[in-house]
C-alpha cells in the first residue's frame, strides 16, 4: 500500500470508442402511497476521463437522483429503476450484483453531498470516518489509515490536520466540514467524483474556495467530475460541458462556452436571463414564470410547455426529440434553432 | 466534560434541596396535628408521641420552626439517620435488608428489557412496516396499555396459581427463580417502551444522510447498520434504560407488593397500608435521592455517548 | 410505578422528529394538486384504520357505562349478601359474585364512572395548566421561558407515584367527593409537564410563521395573536397528548386506589376491586379478572385512540 501523497490516476482504460461513464436512457420512478412520480424520464449523458460535466437543474429536476442511481444508493423502495443502462468502463452497473456495485463505490466512483454536517456521522471523529474507508476496503492497519487520513486532510487544505483528526464534525466550520467530506471521498483515488451541490449549504466566500479546491483536485488527480448544481454561476469556471435537466430529462447539452453564448432551449435561456450581470446596468431581470411540474402529472408533449414563451400547439402535442445542433450540442426543443438564434442576437 | 459534570452536580444539589423541601413541606406544613398526620387514623401512644416530637422537633413553631425542622431532617437524612418506623424498627435497618432484593429484581427486569426489548426494537426498526414490525408494535401497545395492577395479579394468578409454572409468591430471601416472574412483569413495561424507542430511533437513523454517505463509501450493509446506525440510535435508548433502572430501583411498589417480595417497594407498600408515616417519609426521601442520582448518572452517560453534548 | 412513565415515554416519541430523508426525492410532488388540509389527510388515514374504530367504539361504550350504568345492568352493585360469597352466575350477575357477595359484573359497570370522571377531569385540568404554561413560555420566550422551562424540568423530575403517595396521605377525609377531587388535583398538578412541553414547542413553531408576523405588523395585540393565531396551532398536538394521558390517568387512579390511598369505599373503583379480587384469587378468580379486563380495555382504548390519531397527524414514522 502506498503511503505517499495521492498519485494522479493514470488515464483510465476505456473500451474502444466508449466513454468512462455512460448513462443511457435512464428511467426512474418513485412509487409512494400518493402515486407514481416519474422522476427520471430517459436521461442520457456521458463523462470522459479527466473532464468535468456540470448537471444543472432546479430541485426536483432529477439531477441528484441520476447521481444516486449511478452510485447505486437510491432507496428502493420507493425508487424503482424502470429501464436504461449505466455503463462504467463499458460494463453495465445496473446488471451487476450488489456486491460488485459496492466494490465500485468509493473506489471507482465517489460522491460528496450537499450538507456535510448531516452527511458525516455525528458520533465519530472525522479521522476515524476518513480512515474507515481505508481500513474496511483496503485492509489498512489502524496506524496506516491514520497517517493516510492526515495526508488526505492536508491535501484538502485543512489546517493542523494531525491535531484535528480526533475532532467531531460539529466542531468544524461549514467549509472545513465539506473539505473533510472531500477528503473522505478521495481516500481510494476514485476515477470519477460526483459532487452533489457541494457548495449550496455554504457562505458565498467559502463556496468559491471549495469550488477552486475541487477544480484543483480534479486536475491534480486527473479525475473526471460530475458537478451537480442549480447555480449557473458556480459552473462557468469549472465545467467543460453542461447538461441542463428539467422534469427528469436532459433538455439541453452543450459545452460551456457555446451554452453561455447562445442557449438553445427556452428553459436554459430563462435560467441565464435570471442571473444578474455585473456588466449590464439597469437591466430587467427576468424570471421563469410558473412552477416546476408535478412529477406525478407531467404535462403532455414538451414538459416545459406551460412555462415556455415559445410555446406552440406542437409543444402540447409532441414530445420533442433531442435536436442535434452541431459541435455536439443538443436541445430537446421543437424550436431549438430559433431559440439559439434569438439568444445569439 | 469536567465542567459539564460539575454543572450537573450543582443542579442536582439544588434539585435535592428543592425536592426534599417539597416532600417535607407536603408532609408536615399546615397540619393541625403533625403527629396524627404521620400516623393517619391509628391511635398514637404517649411513647410514640414523645419520640416523634423529639425526633422532628415539633415543639418549635412558625416558619422558622419549619425550616429548623427541615434542616434537621436533611442533616439526619445525610447522616443516614432515618429514624424509626411506628413499629419501632430502625428504617435504615429495614432498607438495608430490603435493598439487595430490590436491586436483584431490578437487574432481572433490566436484563429482560435489554435482551428482548432492544433486540426486537433494532429488528423492527430495520424491517419497518414488515409483519414483524407491525406485530411487535401492536404487542407493545397492548403491554403499554395494561396497567401493572392488572398485569401483576393476572400473571400471578395464571402463571403462578393456575398453571404453576412459577412460584406465585416470593417470600423472605427469594432466589432467582422466585424473582423471575415478577422481574418479567416489572420489565415488561420498560421492555415495550424500550422496543418502541429503539425502533423509532433505528428507523430514523437509517434514513439519515450519513447512512447514504456510508453507503457511498462502499461499506457493507452489516457494518453500516451495526456501527454507524446503532452507535447513533442507541444514544436515546441507553439514556432511557438509565432512567428506567433508576425507576426500577426506586421500588417496584406494585410488583413487590403483589408478589410479596421483601424489597424496598414492598416496605413502602406495607407502610402505606399500615399507615406508618415515618416509614413512608423515610423511604420516599431515600428513593428521591436515588432517583436524583440516577438522573445525574444518566446525564453524564449521555454526554459520554454523544459528542455533540460533550463539547457544548 | 411505571404506569406513570408510560405517558412520558409515548409522548416523547410524539415530540420526536427525524431528520428529513430522501434527498433528491421529488419535492414538489403534490404541489399542484387540490389543496388538502393536514386534518383532512389525517381523517382519510384514520378512517381506514381498524384500530381507530375499535378503540373509538370502546371509548364510547365506557362513556355510556359511566353515564348510564343502569342500561348495562339491572343489579345494584352495593347489594351485597355474604351468603352469595363467590357464588356462580345467576339472575343478571353474569360473572357471579365476589367475596363480599356483590355482583361482580354490576360492580365493574358502575366502576366506569369514577375512572372516567377522574381521567377526564385530570386531563382537562392538565390541559388547562399545560396550555397556560406552555403558551406563556413559548410565546414570551426569554426569561419567562427560561423560568417556566426550569419549573417544568423540576416537576418532571419528581417521581410521580412517590409524590402522589406523599400528597394523598395528607387527605384524611373519607368523603368520596373529597377523595375524587384530591386524586384529580394530584394527577393534574403532577401530570401537566409533558403536555406543556408539547404546547410550548408548537407555539414556538407557530410564532415564527409569517402570518403571525403579519398579524403583529397589523397591530394585533399579544392576547389577540395568542388566541386567534397561536392557540389553534397548539391545540391539536395537545389534544393528542391528552387523549393518551387520559388513559394513563385512569390507570393512575386505579393504581392509587389499589394501594389504598386513592378512592375509597363506598366509591366503586376498579382499582379497589382488583385489590380485593387479588386477595381471594385462590378461591375465585372472576372477581379479579373482570375488573382487570374492564380497566385494561379502557386504558388501552384511550392509548390506542391517541396513538392512532397521532400517527395520522405525524405520518413521517409509520
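As written, the chains take the letters A, B and C, and residue 1 is the first residue of each chain.
What we mean here is this: contacts are C-beta pairs under 8 Å (C-beta built on N, C-alpha and C of every residue); 3 or more make two chains touch, one makes a residue touch a chain.
No experiment lies behind these values; they were computed from the predicted model shown.
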**OP:** Spell out the chains that contact chain A while also contacting chain C.
**Re:** B
Subject >> Farthest chain relative to chain B (centres taken as mean CA coordinates) >> reply: A
**OP:** Measure off the straight-line distance from the CA centroid of chain A to the CA centroid of chain B, and report it in whole Å.
**Re:** 53
Subject >> Where chain B and chain C are represented by their mean Cα positions, the distance between them in whole Å >> reply: 22
Subject >> Set of chain C residues in contact with two or more other chains >> reply: 19, 21-23
Subject >> For chain A, residues contacting two or more additional chains >> reply: 68, 75, 113, 118
Original post:
Taking each residue of chain B in turn, which ones touch at least two of the other chains?
Top reply: 207-209, 212
Subject >> chain A contact footprint on chain B (complex, rising order) >> reply: 207-210, 212-220, 223, 228, 231-232, 235, 305-308, 311
Original post:
Inside the complex, what are the residues of chain C that reach chain B?
Top reply: 1-3, 5-6, 9-10, 12-13, 16, 18-19, 21-23, 154, 157-159, 161-163, 165-167, 169-170, 172, 247, 251, 254-255, 258-261, 271, 274-275, 277-278, 281-282, 285, 288-289, 292, 295-296, 299-300, 303-304, 307, 317-318
**OP:** Using the touch definition up top, name the residues of chain B that touch chain C in the complex.
**Re:** 15, 18-19, 22-23, 26-27, 31, 37, 40-41, 128-129, 141-142, 144-150, 153-154, 156-157, 161-162, 186, 189-190, 193, 196-197, 200, 203-204, 207-209, 212, 240, 244, 247, 250-254, 257-258, 265, 268-269, 272-273, 277, 280-281, 284, 287-288, 291-292, 295
Subject >> Touch list for chain A against partner chain B, complex >> reply: 68, 71, 73, 75, 102-107, 110-111, 113, 115, 118-124, 132-133, 136-137, 168, 170-171, 181, 184-185, 187
